[in-house]
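To keep things simple, chains are lettered A, B, C and D as they appear, and every chain counts its residues starting from 1.
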């Protein structure tokens, strides 16, 4: 399977008025397009309202941001530098800029969001570093290919962009999750060759819920230097945490963020979202529901004649190859999802179905029933 | 008066827990540090809650964003391209990148936020363009100095960075407001020399309320190509509208925004803030209150022996020179504000007092009473 | 065959004194490391001396540079913009910066010098555009793979870097040469999809001598927008001509060059080299000799048992797989050349032998005799 | 006196053929436009010819480059890193990129070449750092103004571009030369505030000849971290030495140079120029002649009624204010020079006359005689 074709702008956006918007709301039960079509989860919306009291120092000097740093230290069992930002693309770009000089190169998977879905944001933030994608079966870096890419590059001298960072995606773009052993194997190779390690954790909580390990085990104890931790796909309004485990990498990060226009003047509203997301394990509860719904969906699809699931279901994305008539049938039944690029040689159509923190068993069963009805 | 020393991180941020935060809330009546220490105004917070229904297409294909474009067209009486973004720094950087090539230069006032408070964001977004500050009395570009800067630059050939844009700030960093005549005089000069015109409108609504003219009159009819329209300082959570009047300048703006990581996946929550801000003239009502409170404050200060107001009060900022003991007295009375760089030769201390959409006459009278008590 | 491992810094550079340097001169007959280890050809050195008379306007306003523009117009049968620069890396970077915006992507061959040997210069000059390498058999873009890469990219919206340029290398890094038909096939595909076309002509003269066509036929008539024409590898001291056939692409090129520090103050000495190179067909005579010597070498190698030539010999590079003992034997006999990355599964060692304008039949026969003696 | 208007492209460039060029050669005796209109001095041209023997390793691994490093160590009495490049603009940009991060700022004089004549090259190389010009009487940084600019900047936090480097020009753009005491005073201030120090030495040899001190005294012993040492204006074909005294600043400089396309494949011809320039004190002999001719010219001008020399004559540039009829008279007599921007309030016309390594007493006396004839 070759390349992630991404989340295109939906062609059938609802009409631009509030009533149409509310009608669109009714269709949420049939929307499997992405985790970011969801509304904000109630706890996080409430936290924004609770933060809306009184004056607060601007630009991150507020108590919510200070509280966030303490909370992350607790959860990740280490004194990391934490920078709340708005989007995963910004978080990834900032992280890579701290790991890779302008004349450097970043190794990543060929399906990586940073190389396929961010319109060159890593190149913008790093001032022109190169991404070097490696092929893989399911978005997880193959240690043998990584070793080969690393081998001998140091002897090439200044003609070659300097390999400076490895970026791994956990969970991957295909819904697979690195085991801790796999993760450590690739980070060991990278660090042994002098590279820093970035983790794109847009669906970090889903992977964490799947593995059942600690946040520390899946990050700095496994050789990760910087984590882009995403909350927006899992219930937040717009909130990501850039977490830098290696203090040297955090130097001047505020200036990197400021000059990109990513420091909120009213930053309390960014930090408050993340605090609510961490409170009472909301992040994990949300992730577990999304993962469970994906498993329920996958089990149902496997019972469907003609359906093939090319990837392991280890987070909240389900890729499935279905015969064209079934795909059309789902579309006609009002379901929203993306057709992916079907690999050459595969019969049928590859589609992606994403489950969310607010997906219910009824939503899943409804889709499966629709599919059976079409078939 | 020489240079804006900016909004430093407050040294006495409250302790990082919710109770302390609530206590800090009580001090809001004495906080004149900035317009962005304020909470979100209730109408905008409510609009965020109302937008939180159902699924919405991500990345700007939602009905709120479509509605915003229609609303802006109505308000500005023209079919402009509109891009909601999170911060004024991003909005300014994006605007300048569409007006000035990497080898170009932007003329601006020496007090301009883009040159003094954004840690090089314009240079980041333009890929290295140069800012050329011009001196002024109160942040408004002097037509004579502008003419002189423009004169003859075209003959200098490729050794010189190409003068490509003029950036004006309305209202200025010192609280003054360009008249329409003044504005047109400088934009005519700039456009006559082939430059594009950007308006930093972080306090656009305050200037608009002061002049009482139409948004169209203060922008494209006055020769402005791109407006960075700020809502955050005037009641929003985090929302600015980048408005491009010249369609040629809007080409590929989405890609500029995307690669900077400034496209929200759940963009409805960005657009909904702006829709609420425009609804029922909220933006103007908020601005009028802030302006009125600044005038009330200024009138009171002028009655205070030893106080000097170096600038016209034409928006919501009051700069005042006070004897050091009075400034200390205010600080000891619990008031929050910034000490500015006092120009050489001036006796006393220059401080900045900012009024807001939620400042009340009692707040003003309280400060004036404290000042009298100290004096 | 997978990836060009480039021209590493030679480990055995001669000692840093003039005598040693002169001794190194004696070894020139055994040096097949690269075309750029050669001295300047006498006609070009003489032209530099002849230009060294009197005062000349600086920064390109000299008569040699004006003469160069006229000469190029004559040779290429069109009124192109011509910019003499020092290195091929600068010329390529400048060309791509005029074809591809910072948020764009350039399609090229996986062996391309721009992606493998220039330490990210294209990314530097374009301010962060992405290179998208396509696999090939011998460095020539495969039309089918190109068509697939182009297909559907326009529908992806702003998440995807915009495909903006195709870069072809003529002759390729593996010594093969595009036929005019092949060239037009790929440029037609690219232009049909809205991309500009760049030709890296570091060995343009060798390809031209091989094909025997006109410079116009191999460039703008074949759909090329910008040519990086290299003279340094074929006899010049340090001189390349950046030739822009599409006048729109040449706008502000002087400023691009100036801000990169590539405008010579005494530019007459750059232009004079190129004028001499074009005079009396020197460029083609030099190229023909280098090509002929490569053919002679290839014919000899094919008679050598155990030797395999993986690529067509269509310029002045000869790649050959030899048994390790033979490679060592050549090294011990004092020959200078590069060991390349031998593709997996291939027995023996891949080496590169480069012939030059000053390579003689005796040099070739000497190497072949040494090889026979070792075998 | 306000701003250097630079070296414009001469409008009356000779016609583009060899004969016209030779005629232009005859006018060299009347050309005072710039030091870079001169031909290459014979010793350097000869050295290029002498280097043109045999094969040499490419990209700087040649013995000439190794010899250059040894020679610089000897001359500067320290083991500096040395990188030969083609132009002063490249050298300055590279130096600043090693001293100042993208979010940083460089303090320089308002007349500095880096801010006025390089089309944003420092911004290109630093990826968007800001230049902060300081006013001065004659291009030499005023310690009091420097101290004021440095004062308090560290407390401003991340909103402000980080002051990272000071760039001084020796000799200045106005022909004045820093004394060692003045130099040390400003570098002490800069270093005390954590800034690195760059010296733009386009006319370093002229300043050195004027002061009569050692190269070490005028650089690293005076607090300079990186020197851009120019030879092109003083006899070379195209050669500048980037000399890095602080080894930490030299890390990855090769990659910075390579990705800018400034590594020559035949670098021996770059290093050979510099070796010849240093040999037998050629650089100082050339500089002394140029300086002496400037002094002779200045003495003559002072005898001319109506002439005013606004700056000290401490290198090879003579700025003089003359009545318009005299300036026109010189032009009509065939003299070549630049009219500068005459400061407001000054009567007459400010022109610049530059003397060179090959200027003769007869040239000077001829100009003075012409002037007397006109007057």
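Here, contacts are C-beta pairs under 8 Å (C-beta built on N, C-alpha and C of every residue); 3 or more make two chains touch, one makes a residue touch a chain.
By chain, UniProt protein names: A, B, C, D = L-threonine aldolase.
This is a predicted model, so every value here is computed, not measured.
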| item | value |
| --- | --- |
| From subunit D (L-threonine aldolase), the most remote chain by mean C-alpha position | A |
| Chain pair with the higher count of C-beta pairs in contact (C-D, B-D) | C-D |
| Distance between chain centroids, defined by C-alpha means - subunit B (L-threonine aldolase), subunit D (L-threonine aldolase) (Å) | 42 |
| Between subunit D (L-threonine aldolase) and subunit A (L-threonine aldolase), distance of the C-alpha-averaged centres to the nearest whole Å | 52 |
| Gap in Å, rounded to a whole number, between the CA centres of subunit D (L-threonine aldolase) and subunit C (L-threonine aldolase) | 34 |
| Residue list for subunit C (L-threonine aldolase), restricted to those that touch at least two other chains | 7, 9, 59, 102-103, 118-120, 123-124, 127-128, 157-159, 255, 258-259, 263 |
| Complex contacts: residues of subunit B (L-threonine aldolase) adjacent to subunit A (L-threonine aldolase) | 7, 9-10, 13-18, 20-22, 24-28, 31, 33-34, 36-40, 45, 48-49, 51-67, 69-70, 85-93, 118-121, 123-125, 232-233, 237-238, 255, 258-266, 268-270, 336 |
| In the complex, subunit A (L-threonine aldolase) residues that touch subunit D (L-threonine aldolase) | 59, 101-103, 127-128, 157-159, 162, 252, 254-259, 263 |
| Residues of subunit B (L-threonine aldolase) touching subunit D (L-threonine aldolase) in the complex | 5-9, 102-105, 115-120, 123-124, 126-131, 155-162 |
